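As written, the chain order gives the labels A, B, C and D, with residue 1 at the start of each chain.
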């Protein structure tokens, strides 16, 4: 098994086009641009179909990184996995998290236990009519296994967060399928985001053995008892395949970070957030552990589809003025920020098959010092 | 000292016009309509200028209560203090809290300690040019003392929540002042809501000795270091005076409820919420105390005016799509609901001089059983 | 044939709960409350699922009319057809149009030509699973014929506007159907509004011979080449049947009004609006005809489903911040108000099968004087 | 007088980052990148403070044009005037209009009359406390005269549209002023956009002799009877000076275009739009003139500050869900698109002192062929 050193850098941004923080870290030598594997960001758009802050942030980062990597901006986008989650409602604060990985000779002598590891893989391009259906599920499951191998993780219990970037449908794609006589899962761009996220999450669940592999097309967005406890999926217009990023702990990693997770059973599940913090040696803010420091929290949020949280009606799904995903991010973001002590956390909306209905996975990365 | 029995009934609503829950309680004899003193509600509008769910809820309640009280709907509105706070963002759940008060002969033998008491008072009508200025502050302070006396509370430390309903300016009112040669604090209806809320909160702070009484007009909405830790103020178009409702604990009360409070220093101050819960013998959800039960939490929320929470930028004040008050309610509501274990809590926006800038008061009512 | 006198009163409102204008007209004797057949209104909510201004307006009107009609408010709602269309985006101005009808002995001697007539009918209650499907289409078609007869109209060419109020699905209704083993056309409340509006409009088209009667369930919301040129349908939560109001011209009417219509082929079809105005002797504002006066315009608007208007992309369907129906009402309302010379026009959203895709019917009522 | 050839290219965009249309025209030789003087665009954001589609569009254009001009992206932004107006509500369609200018030897023999000319100038950088006040007015007036000279226009009657890009205040800028002991016109970023637009428009009015030059600071955003009939101003965060673009007709121009204008007295002033079309030989769509073709329409829209249009109440200013500028663009855009026959028109919000209160300028560019 190869040995890697994984770095995690959380950088506040002043706007979706702000790359100054990362450029400073590169300028100071703190970040080697060649080692950047993935960048997950929260941008301040609406998180919906017309949220251009995501692609703007990616464009700005690619343009800025291109000379550092001696690549064209387009080639940078192919090389690094960019996952921008739109929507910093409430106290959520725009930021990016940069993951780096470098191979090293061997683990330092004093290092014990499994440490944060990261691996990536991707599927083939999908046909529009495959999105939200079993083809996407099966191919994603394969890619998850590939990303685990890339991360040097063999035990599925060591996988704590699987971030997936997946396609969505556009009018052109729907028509292209129709022209071939194929019908897509939905004709709405907005709905297709949910289908693609849902099928991708089910792919994670299949890969990790959380559910049986015999998912039917009609189970997607219906059988909400089928879910992954560690999947986090985001759909974007810019690709037609799934990009899979596995985050877990591995003995092959020499990083100073550790990751753990829990699953929120609903949007107000404070004990689950506390459990995720505790799993990596942290507690409720303010942090007191001298040798452990919170780096970031990654969570998915959604409005419970049945319209209630613990028996009390919520109004997120009936609000024609604010989309339910914005409501859910604001509320879950408020809870997690309160327990974490910071609004610079990654809370993303659209948690179909990612955690139970109305809930979602929550993963925590801590830095171990000393 | 007279002895009162105070009742608190939290009733979920199916919509702003839904009065069925209260009518059921009246029908079953659980609530005597003659004893209703105040109704505080969360309705599912946007909480802004064009939020008609508040007046719709009041109209529906007045129409329904009129025959029970042998009054016209208009007379019901004069008799009972209705405070409707619009905005059930995120996990917040629409509901009303009905406060009743009845005089009783004497305290039951076994009852010990101070118990929840409620008192009301009101100021004279204000001139438009008095709103948001010292006249409103001074008169409000007097009314707070009157409401304390009405509640049988002598020690300001026993006051845990002061809800005030205060006026706002309209074009007509601004013009009326101008016709007399007087200039109002602002000419904008929207801004006047903040001025009126702010001056009213300062009045509470003066009455309770939280700040010195020498407030200048120019301190309102500027000196945010001046604030009350228990004030919660809402402005409405339907009145020109302040209605003050004091909630506290008194030895003259024989109710089965107790109230406590804390003040959130910012929008993610989880320890303050926990402290408020603890002050009445409760803890973080799920509740385990066998003899104590959460009834409701009353809190004010706002986007911190400096654009950041603990050093991290928030985007609430720059969002042209969602008003900052909606963002703030969603986030603080998510945190409080998580710690309380329910979204049926009263979180209201617009916290000028109610708690420190970006923070706000949080009060908890618990029912003691056995 | 009986002879009727039909009155049309357009009344501006100061808010959704404002009934003062109608009460004044009743007080002055201008409107006989017993003669009120239908009230169509534009209220200032968002026009979506959580637009409570519609039910608030109806509640306020029913409460105010109850003593005038010696009925309970509930009985008033059963007797008069209330159609409230939410959404006064842009220059649209909140108002109600009150239609009255009285039988009279005979037409005045000098009166010539067909004049405005109104007729009503309603279907049986639908099962949730019938909404948006052929049952709703067929029953609606029958009701349209009944309403024509009630209006004294025999020639379908004399029908110029058919307003329908139709049900929508709620979670409870979807579950009720599921409990019986039946699947509804959609499980989303928001989508069900479109299904119900669409099927109702197809019912009008069938009744008037605009399309062949053999509509299949799968044609609803798909075969947009099937449409009525005079249907205007609105869904509401408060009923489970369709209420049909037919407006047309009849020799049996002695009213001083005339109605005409045209169909907008897209959202910017100015010539169609002008044609509708011309059809009743009016022109583009400012009006010059001495003996003809615009009373109101009734139109339906929608974002063209193909995402473009005359080859240019629109962004209404991708906007996560503002619903497409709000966009469409604002734009079409702006055009019609410009040509009519007033924003107090009835432009309603959601034009599925009401006019061609992206377009919609536009009807004009003029008052003839002298 | 020098002779110039001015080109106008309207190019539809598929998104704020889409530069493919312009790149095609450059690739085919239709547009010489060196000749590009200004690019005015409509982007599909919300047009408010957090509308990042504007800066994204500029960044994308600068990045794409940089290699064509052998400049850095930053230098491109300094060289070409980019004015991006956010908000394509309703039927408005995202597009850019590229203005080119080249000096030529002499006018073609057969060319008669004045033709479209374009000129530019800019002010010095402003201090934050100068925005929205007389300094900005005076400096802008000077720059307008400079831009007229640059356009070869001597008669103010030949000026038909003056587009200005002006700064806004940020928290940093407000604080910088405060640190120097200076108070800005407002502390709100959103409000400062209006102040800056208003003062800039007053500068145009002064330069063109539309109003007397003695404007006081307190007249800005108050004396709405003071306005320019041709000013169109947009504020942006990226600059601290005003950029002035004058569009008019000049005998020194050999272009195939002509420009004219009218002023809408309110948001539903259809005759003004028709008058602007007529002034360049066009009519209401569909166009029939064989030798004249509509290129684009440039207009400003706003919600009338008194809350009514021709006596009927509008609800734009009280809507907490949708900003008034979005409402106004949607409505005026609908009217203009209807009369023009296309939604690809430039309708921009925020018309303070640009046309009368509630109205705004409307300019039309036509191409003359043959």
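Brief remarks follow.
Keep this in mind: contacts are C-beta pairs under 8 Å (C-beta built on N, C-alpha and C of every residue); 3 or more make two chains touch, one makes a residue touch a chain.
Given the structure is predicted, the values throughout are model-derived calculations rather than measurements.
Relative orientation of subunit A and subunit B, expressed as the C-alpha superposition rotation angle, is 180° to the nearest 5. Ranking all chains by how far their C-alpha centres lie from the centre of subunit C, first place goes to A.
Centre-to-centre, using mean CA coordinates, subunit C is 39 Å away from subunit D. The distance from the centre of subunit B to the centre of subunit D, each centre being the mean of the chain's C-alpha atoms, comes to 47 Å.
Within subunit C, residues 44, 46, 50, 315, 321, 326 each touch two or more of the remaining chains. Interface of subunit C with subunit A (complex): residues 46-51, 171, 189-190, 306-307, 315, 317-321, 323, 326. By the touch rule above, subunit C contacts subunit D in their complex via residues 12, 14, 44, 46, 88-95, 267-271, 273, 284-286, 309-310, 312-316, 321-322, 326-328, 330-335, 337-339, 341-344. By the touch criterion given at the top, residues 15-17, 44-45, 50, 52-53, 55-56, 59-60, 63, 321 of subunit C touch subunit B in their complex.
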